[in-house]
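Paired with chain B in one complex and with chain C in the other, chain A is shared by the two complexes that follow.
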Partner chain A sequence: MKRRAAICVLPFLLTACAGEQSVLDPAGRDAQVLSDLFWVMLAGAVVLWLFVNGLIFYVTRIAPRPLGRRAAEALIIGGGVVFPTIVLGALLIYALSEMPNQRASGEGLEVRVMAHQYWWRVEYWPDGASEPVISANEIRLPTGQRSEITLNAERVIHSFWIPALGGKTDLIPGRQTRMSLEPVRAGQFRGQCAEFCGESHAYMAFGAVTMPPEEFAAWLEAEAAPAKPPEGNEATRGAALFLSEGCGACHAVRGTAASGAVGPDLTHLASRRTLAAGILPMEKAALRDWVSDPARFKPGVEMPGFDHLTDAELEALASYLMGLT
Partner chain B sequence: MTDTFSDAPRNAPRDDDSGKVLDETLQGVYPPSEEMLNRPVDPALRARNEQQLRAAWKTPTGWRYWSAVNNSEVGRWYSLTAFFFMLCAGVLALLMRIQLAVPDNDFLSADRFNQFFTMHGSAMMFLFAVPMFEAISILILPAFLGARDMPFPRLSAYGYWSFLIGGCFVLGSILFNASPSSGWFMYPPLATEQEGVGPDIWLLGLSFIEIASIAAAVELIVGTIKCRPPGMRINLMPLYAWYVLVVGAMILFAFPPLIAGDYLFELQRSLDWPFFDPDRGGDPMLWQHLFWIFGHPEVYIVFLPSIAVAAMVIPTAAQRPIVGYEWIVLSAVGVGFLSFGLWVHHMFTTGLPSISLGFFSAASEAVVIPTGVQIFAFIATLMAGRVKMSQPVLWIAGALAIFTAGGLTGVMVAVAPFDWQVHDTYFIVAHLHYTLFGGMVFPIIGGIYYFYPFITKKKMSDRLSKWAFWLTFSGFNICFLPMHLTGLRGMPRRVASYPEAAGWDWLNMISTVGSFIIAAGILVFAWDLLRPKSRQPLTERNPWNAGTLEWSHDVPAEAWGSRSVPYVTSRYPLWEEPKLQERLDDGRFYIPDAPEGKRETIVSSAVDAVPQAAVPITGPTWCTLWAAGFTGGAFILPVFQMYWAAVVSGVFAIACVIYWLWTATAQVPKKPMRDAGLGLKLPTYVSGPNAPGWWGVFITMLGDSTAFASLVFGVFFFWTARPDFPPADAPLPDAVLAALSGLGFALAWGATVAARRFNRHGRAGLARGFIGAAVALACGAGAALALTVLVPGLEPASHAFPAVMCALAVWTGAHTVLGALMLLYCLAGSWFGKLTPRYDADLRNTTLYWHFLCLSGVITALLLGAFPRLLA
Partner chain C sequence: MTEETPFRHRSIWHMVLAPVVWSLHFASVYAITAIDCAKTGTLDTAQLAIAALTLIALVLIAVITWRSWRQWDYLGDYTYVHDKPTVKHRREFLGHAGFLLGVVSVIGVIFVAMPALFIGSCQ
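Right, the complex of A and B next:
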């Protein structure tokens, strides 16, 4: 405890708390409240720890005057009953009254997330929409408003968590759970599955992007549009390969014959920050490696490897996919 | 000895007016007068008595050593085995730390990493933390109570062998790359769908060990309640004994929900009954509830024994009695109760309603109060006395430093909204290791340093202790303190790897370095514990100048434990009764001899510890080992789908147990009364509520009923959680047959009670007739129960509703078979003279079992026959 306090108090180490996935570097209202709550609780914990252990040190190392029975009982009742009742009562009243705020229902946008082993299907349902905008492995949210997030899982339990924005909620097969998030700052963050979900649990993350509402609206409009046609020879060959190799059986690329729903929607794949649910950078080389042997990066993945393709073919496929912005 | 008492023992049983046979009660003087206690014992008689005792308590030698059942042997094997399993689980942790030392590491594959963390958690919990408490308690509890052994030594041995077999089986799977890999919490649907034998190894192997754990808990509770020395009223018990009671009771009520869960889980895995499959009316959340109703008390089951150790060490360190004894007892009981109301705090992120989260948040915080009371009572004791700093105290102080830090982070995570952030992150990993190291590992090691001279009559090294302490303590903080920050920076638990960009690399490297420093500390400790000490001198008799009875044992050690069973009038007899040691050694107290060459123990009343009997207890045997081996077969073979072999093994196990019971328990004594010394004559046979065996059955059945109640909870859970329970067009269990079965249970129970009554009134023939009728009725009730689900054609694989109905029927059916077997055992006993009107313990215990069976049979009949119709 002492050392932990020292680490976070020292200014040059304050950067230790920063990060795309850090609870202590909040960009959402809920995360901000919880981060503040943490610092308060930490300060209290350090004081109490020093008090109790100082007392133990004192009584074991520095022989005090023996304590009378009444004083001893006062210590037991005061330290064990009265003091914690007051402190914990105050803490509970404050913290539990915050709970409804963080569970409030969202307004405007609803994001429906379906967790698969090991990726996320994401549907955006703007207010009044009759059809969703479908995406995968990335969450975008407008700042300054609370968005509703509806959660489902396909086969096993997962947990949806963007530390910079707020707490996590599990996705459970056969049940629908919900949460809401209210980003206050635009930025790029990382979320991750927090409930152990199988062999590649460690490789089930996602990018999270918060944007000012007007930017978000523009992005959503672009996201709703069909895929761009391939540009150039290589990409066109790639597009043909995509269909002839049967990729479309699992993946949808809206505006083409590929309409599979088993795997992630790839219509605007290259506009995302990461590949393969937050584990690879969105780069051509990574894409090529991934298509050739996905299990190397994500053991237990359902997507088969395409290592029978030649380097040129893989290159073409990657060119096509990188053009899907 | 005998000359102080003139009454001739009565051989014939007494009758009351109605012809009912009465039990003998104690005759003669109790409590003993000071004058009687001062009367010296003739040295020749003393030598003869010692000779008798030594012969009766002789530990088998050579290879027969392994047939020993004495608590000092079994306790030693048990604790060393648990320590060995802890080292294995620790090695797994080190391998995981190597994998996580640097980002994107490929030292371990993801699958192997998942196996390792699953086994690390499972082994630390099921093979180390809980068994270690039971092992140490078996080893030292009798000595706290001035008893010579546990009440059921063979049960301890059976529990130990089961633990060894089950532990090796579960842990050994790691060597074959076949371990479970779904986490120690085994959440379905992930764990129900995992391929291979891993989950089955977990479910069956650990169920086997849990049953052994419950057996040990039953024995510890009975030992504490019924085997205290005369005069040690319940408010004079050493605090350790109070904690044994509380923890034993917690095991009794916490493990059965998990066993019920395991039962459902294994039915789903082997027979595809869909309890946790949402597509067929099941619900994965049912498992989470059952698991955490077990899992949270489990934390306190692990933690309280260490507080118990501290409660023994601290008064000795302060050289004065504990301050606030009553407060500590109340707090321990309070923690025990509260711990059953907290389980949902492991499920704060599952989307439960805010109102339940608020309730469970507050309940979780409330645990601080009893825990705080205990810690402040220790501090007050240290303040009230003059502390002599010794090795055990250093470990206890280190434990408090770590535990208070873990407790304070516990206060943070009990706040539901904050938990939404840190749940399932390294913050929790840090928190739980702070509580478990501070609340278990450090106090246990402190306790080992403290009790080592009692167990081996040698001291461990002061110098090595300091090395071990400072290595473990600093390594621990280097390893786990940074993990709080790792978690807050977003690293989830149970990840096999992490990307460099996440920025968790340097924190993880520090933790890995720390983990190896811990390992070095534990190794120093292990060396100090195990290094040969044959050239080292024996310690003095009471090296720490402690006040409790265990330090009265002889140096060098004698297998008899306590030379005579003392009459105790204070909490710290060695401090407050200066003549006690001399009187004890002289054999002036109770049962200082073994006239029939039998091992015996004093049975006393539950609250006031008035002596009630001096009964024989069981000695060395191989049948417990055989029984454990065959029981192991019955649990292990189904993992490999060898169901018939498992059934055969199970039958052999039952045969071994019957042999063991028939030849060694509730034997008709040669003499009904025994001269116990100090002018007191005690019966040598007890039955009914005075008998340890009766308490054993009663306590076991409380646990068993808890498992049954968990299944019933399952029915109601489905009803509230699922709209399609029962599904609209599903066949319902047959109401008429269910009613018949309920009636059958009631009649069989009535016949059993009648048999017991008639037997007591000396009408053995009539009693046999009623036992026979009860067997027939039990078979009829069981058959009706089976037909209740078979006739309407329930298909348990189709939906959770028929599945849970059939699961209830199978559960109660299996208990009916056992009930019938017990009745047949009594019938045989009556036939062959083992069970007589006076010596009827077997029949009384069977009747007690039938009270519970009748209740669960009727409830099953109602749930099958009436409940679905009320819903439909």
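Right, the complex of A and C next:
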């Protein structure tokens, strides 16, 4: 890790090579291949650059003399045609030979993702399941196995990308696309919509968590369970407000009367690492601000603001939502 | 170079023929792949067709390039500057340009066809 980070930092004076959303800090089989590809391509480019510029330097500064016809022809044909064709051909063959593996099919778990403006509906279909475990705005995957990812979009094209785990694939309305990911180590990462989809496209991210298979199975079981009932007075008032304010028309909280499907499922909201598709921390204050005026954080968002609520009411709602672990 | 047809001396078409073959090859490869994937969901037929088309394109380009090389007549006088308003210079210029375009087209056709060698699925 240290050494790789140092390699990143030295040539570019960047400190951002490592981290949650870096293609140069891979945590998945496909991302590893892509990062190797990047370094090989970079090396190829550097070799070509040094060779061509070295040659220019040599013939103009070090030995500026007229060349004989044969030498000049050898230089132009060899250095200008044959050498770059071979180097580019070799790099092309290398890149192409990796491509089929990037499309390998998954086994076991299937994750179906539906992109909305500007959030993600996520369904987990374990092997042989007859109905899915529904979640949103976060992708969890077991390590050491290849999971199938099925992609769809509601209204416009989006693109699904977790740089630390693999390449990106577009989600297209009315058409199913697919990819697969094989995380090799457990960790927390960040994904991002990578195709312009509207005003808040840049705010359409998501958390990604990879975990050992047993941990993943335990998490999935908890995720399948209905919501915890509210604890304490404030949260109980919040639960009542949630229904009376009509949140349940858009949001589902399984185990309650709220069963809307317009917005993200909130049954286990507080167990996610981030709020509102990767843009806010999962904290009470952020929840309060979000519910009172979501458009402040995401222009064009399809959730109305609830700024007519009093501070105490917002506080109660946030308290209820933070209890939905 | 007395055996050359008068046509080629003046024709700009002969000069650009190799890239024209390349572009037709390019368009057909894309179209065939799309059609095969849409109709059968596999690339078996498309791969064969692309192999055949590539072979044909390479032969055509080789012939054009060879004819351009002869027209340039480099080994006759070792000139690659053709800047005089004379018949000879015009002829050699068109041959020279056609030859270089032929070389580029060979590389282009091979690079365009190569993915079909490695990628066997419509995914």
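Methods note: the second predicted complex is superposed on the first by the 301 of 325 C-alpha atoms of A that agree within 3 Å, B and C clash if a C-alpha of one lies under 4 Å from a C-alpha of the other, contacts with A are read in each partner's own complex, and residues count from 1 in each chain.
Definition applied: contacts are C-beta pairs under 8 Å (C-beta built on N, C-alpha and C of every residue); 3 or more make two chains touch, one makes a residue touch a chain.
Computed from a predicted structure; not experimentally measured.
Contacts of A:81 after superposition on the shared chain: both chain B and chain C are touched. Shared-chain residue A:53: touches chain B; no touch with chain C.
By the document's definition of touching, of the two partners only chain B reaches A:37; chain C does not.
By the touch criterion defined above, A:99 reaches both chain B and chain C.
In the superposition on chain A, A:69 contacts both chain B and chain C.
Once both structures are placed on chain A, chain A residues 69, 81, 85, 88, 92, 96, 99-100, 103, 178 are touched by chain B and, in the other complex, by chain C. Across the complex, chain A is touched by residues 109-111, 114, 181-183, 187, 189-190, 193, 278-279, 282-285, 323-324, 327, 331, 349-351, 354, 357-358, 361-362, 365-366, 368-370, 372-377, 379-387, 389, 393, 397, 400-401, 404-405, 408-409, 411-412, 415-425, 477, 481-482, 484-485, 487-499, 501-503 of chain B. Listed in rising order, the residues of chain C touching chain A in the complex are 78, 103, 107, 110-111, 114-115, 117-121, 123.
Listed in rising order, the residues of chain A touching chain B in the complex are 1, 3-4, 7-8, 16-17, 19-24, 30-31, 33-34, 37-38, 41-42, 45, 48-49, 52-53, 55-57, 59-61, 63-64, 66-69, 72-73, 75-81, 83-85, 88, 91-92, 95-96, 98-100, 102-103, 151, 155-157, 159, 161, 163, 166-170, 172-175, 177-179, 190, 192-203, 279, 299-300.
Within the complex formed with chain C, the chain A residues making contact are 69, 81, 85, 88-89, 92-93, 96-97, 99-100, 103, 178.
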